[in-house]
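Here it is, the structure, as structure tokens.
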Amino acid sequence: METLSIYAPRLVTKRQSLTPGHRACSGCGEALALKFVMKALGRDVIVVMSTGCMEIISSQLPYTAWEVPWIHTLFENAATVATGVESARKALARKGASLPKAKVVAIGGDGATFDIGLGALSGAFERGHDFLYVCLDNEAYMNTGIQRSSATPYGASTTTQPAGKASFGQSTWKKNMPAIAVAHDIAYVATASASYPFDLMNKVKKAIAVEGPSYLHIFAVCPTGWRIPTDMTIRVGRLAVETGVFPLYEVENGKYSLNYDPPQLRPVIDYLKPQGRFRHLTPEMVDKIQQRVNKEYARIKEKAAQ
Amino acid sequence: MERRVAFESSFAIAEAVKMADIDVCAAYPITPQTHIVERVAQLVANGELDANYIPVESEHSALSACLGSSAAGGRTFTATAGQGLELMHEVVYVASGMRLPIVMSVCNRALSVPLSIWGDHSDVMSVRDTGWIQIFAENAQQAFDLTLCAFHIAEDPAVLLPTMIHIDGFHLSHVIEPVLLPEQEKVTRFLPKYHHPFALDVNNPAAMGDFALPDLYTEAKVAHDMALRNSIKVILQVWQKFGEEFGREYSPVETYGAEDADILLLTMGSFSEVAMEAIDRLKRAGEKVGLVRLRLWRPFPFEQFRQTVGRAKLLIVLDRALSVGGPGPVCSEVQAALYHLKERPQVIGFIGGLGGRDISVEGFQNMIHRGMDKASQGKPGEIEVFDVREK
Amino acid sequence: MNDITEIRWHGRGGQGAVTSAELLALTAIKEGNIAQAFPSFGPERRGAPVIAFNRISAGKPIRSRAAIAEPDIVVVLDPGLLGIIDVTRGLRDGGVLIVNSSKGLATVNSEIGGPWKLAVVDATAIARDILKRPIVNTAMLGALIKATGVVNLESLTQPLEERFGKLSEINVQACSKAYKEAVVMEYSPGVKKAEKVYPIEKSLSWKELNLGFVVTEMGNARSYRTGYWKSERPVRDNAKCIKCGMCALFCPEDCIHQDAEGYFEADEFYCKGCGICARECWTGAITMVEA
């Protein structure tokens, strides 16, 4: 895990499908995750994107930060638009059109994936289209100003479920989106993080090699919404993995494997403490989160051992 | 050889879709539209149509998948009705703004509540402002012909706009009638291949679907508006070409017995043929009445419309939709179109045929007489719902 | 001044320009005036240039909701904006310009002087000293009040308390300190505004838009200089640099490239100054300094 030579970064392609000049916030972990996704995908790809931060920062008329074919239509339908692209290309190819090879990749944020577009995504998985869906999960509706989604973690303060005298912020546990993807019996599901770029890029390559639907769930640190300094993006992403809050795993044809399993997980407080969105949490609540993380982590480990 | 067959209108549309050799149909079942897509699915299953049928999980996804398909360069068809059209509503705007020439059959249906699966034009009017071409068919033959023409119009390089063919739910969709089917070869010659200049292509990448700041949004909307307004030229050309090839002629505003009429009734869709019967009867009784059938609803054919009705004394308009708390949508639009003419007919509006309510031949005779009475009494009123029980 | 005083705030997303405008409106309303505050509504991200507006009147109803094109007062929260945005555009003769800068009155005047009253304060230093972070909005309110008297300094205390709670005391301190430290150069009629050309994006006509608003010039966002956003920039110590490229790997802008000598150099044109490269550098070769 990330034990390649320290000079490994130099091996990453310099080619840009998502160009500089994009308007993401300073220190944006989502733009960074997207950069890795695009570098791993290469140029033979058609990108279908949901409305959200990554769409807004890359597409102000008459500009685009994209160098591959890209289409954005609405918030909740990227998976479906992707299935339309894939189906038409298959039909055209069958009927004799000479189309250059291209993988169809749909990309959405957690709001687009967990909430408003869940039905569309489920339909696309169920129908078995050949496409990759990438969820860039920054755990709230950041594009509209840090409103809670069903990806927001327990205890986090957001603008629509803020902490206050009568509230500790998010009162529900984060929806288990990878498990929902796995339940569709698709061939490849994986979690990844921009703090572990080589693992992330390998998973992108594995995901697009699969025939049929695949799902990649990427943890994307948002300094603006999580209220951390902009230079802490990578650190906080690493802490999420090292504390077991966001384990990195793959599910290949239903078989789980844990990609990074340190001998000892760090306490979750190490992850929660640097973040303004968790500033209000009491030790009791931190303990509750610790218990939950222990349980969830054990569950993944157990599945990986099967 | 041209074949004469007995076809339900829904099947006639599916036949046109087959002959157009579509690449993708993405659809979701809803009454009274289901017969169309069931038939398309069957044609695909039989191997008679080489297309991918995407059985999506909602109408929102039906049209969303069509966006992707059309943007990828595939000839694309879908069909819906009523609530289905409402669920895809936000996607409807996107298809036209992005200039994706999808053809969609809409089996005009009432909107909830109360739930009604039956026909009226509420759904049609709800998408009036979405920037699609909207064309009305009156019978099964027209449903076939106009669907075929729709692909030609929509995909014309000077148009590239999605097109709806409106057929009235049940009154047209579920009625079996004789239909003349042309030879496939002739259809293939008639219909050019679809090519989108910016189709998603890794060799010629393009970005589709940027957002616009206030500085550009107005310009974007005007570009779309001009494209829709200008599409009428191509619509006329395609219908003329169709007439030359297949012998049936279509026009944005059509009439029946209107040449010497002072009093005109305006209808849209399948009720027009019922109204023709009423016009015949009244003419036989010596009344100077005629019928105007608005075939092209969007772009609104201002010029043809003014030419057709400008000289009449009275124009009675039937709306099959009720704009709650407002005027009849067709009636108010017609009034606006005539407002600047120095000499123009008096316009009297009725609302009727809601939620599948029939209007009989006698009903249309009564409506025309009622309109004439109101006009002669100088009491046009804002709105009158025809055939409503007061007690 | 007119019946209605119009103020335009220039800052960067996250610096508090919008909050400044809000606090000023609250204060003016509390004093019995009529006032409005609003941001320029847009998709600006943290670090990107943003604008906010105020209108204040003693009694005349304020009806316009349009962006202010000819302000009486301009406040610039970020000195880095001076070179890239025409902050004094439309500023009325005899108006007031208030600038956050460490360069002092004379230098700022030579850069951006004109037929207006000029006030300069080092709000960043005040904020770093008192608030321990470079959020300059409350300090700039102090400077604005000193230069214009548009509201009274004391009236600001309550809105600050309501907005900042526990942190209100230090914000009041920052505000008062800036009020004391701001230096003012009076308006002298006839002075000309320095000629300077600012980048202007050409607006397209409807006929120039591609069909369906498609963009075919791929990657043309490269012409957008996000480097303007930064308040800090990375500086490399070549003695410590081992040319590993870790900084380039983790750059969200993908704007760090290897130069002829093999060093990884951030492209100033795009670098937003997030500091990830410095934080992630294995050998501590990169430090962030004021841009």
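As written, the chain order gives the labels A, B and C, with residue 1 at the start of each chain.
We take it that a contact is a pair of C-beta atoms (placed from the backbone, for glycine too) under 8 Å apart; a residue touches a chain by one contact, two chains touch by 3 or more.
Keep in mind it's a predicted model, so treat the numbers as computed, not measured.
Most remote chain with respect to subunit B, judged by CA-atom centres, is C.
By count of C-beta pairs in contact, A-B exceeds the other of the chain pairs B-C and A-B. Put simply, the C-alpha centre of subunit A and that of subunit C have 33 angstrom between them. Between subunit B and subunit C the centroid-to-centroid distance comes to 53 Å (mean Cα coordinates, whole Å). Computed from the mean C-alpha positions, the centre of subunit A lies at a distance of 43 Å from the centre of subunit B.
Shared interface positions of subunit C, defined as residues touching 2 or more other chains, are 43, 204, 209, 213, 215, 218.
Each of residues 98, 205-213, 216, 220 in subunit B touches at least two other chains. Contacts with at least two other chains are made by residues 56, 59-64, 66-68 of subunit A. Only residues 97-100, 160, 197-198, 205-213, 215-216, 218-220, 222-223, 226-227 of subunit B touch subunit C when the two sit together in their complex. Across the interface of their complex, subunit A is touched by residues 13-14, 43-48, 204, 209, 213, 215, 217-226, 229-230, 242, 244-246, 248-255, 257-258, 267, 269-270, 272-276, 278-280, 282, 288 of subunit C.
In the complex of the two chains, the subunit C residues touching subunit B come out as 42-43, 203-207, 209-216, 218.
Subunit A contributes residues 6-7, 9-10, 12, 14, 16, 18-29, 31-32, 35, 56-68, 197, 223-224, 229-235 to its touches with subunit C in the complex. Residues of subunit A touching subunit B in their complex: 43-46, 48-49, 55-56, 59-64, 66-74, 76-77, 80-92, 94-95, 97, 99-102, 119-120, 122-123, 126-127.
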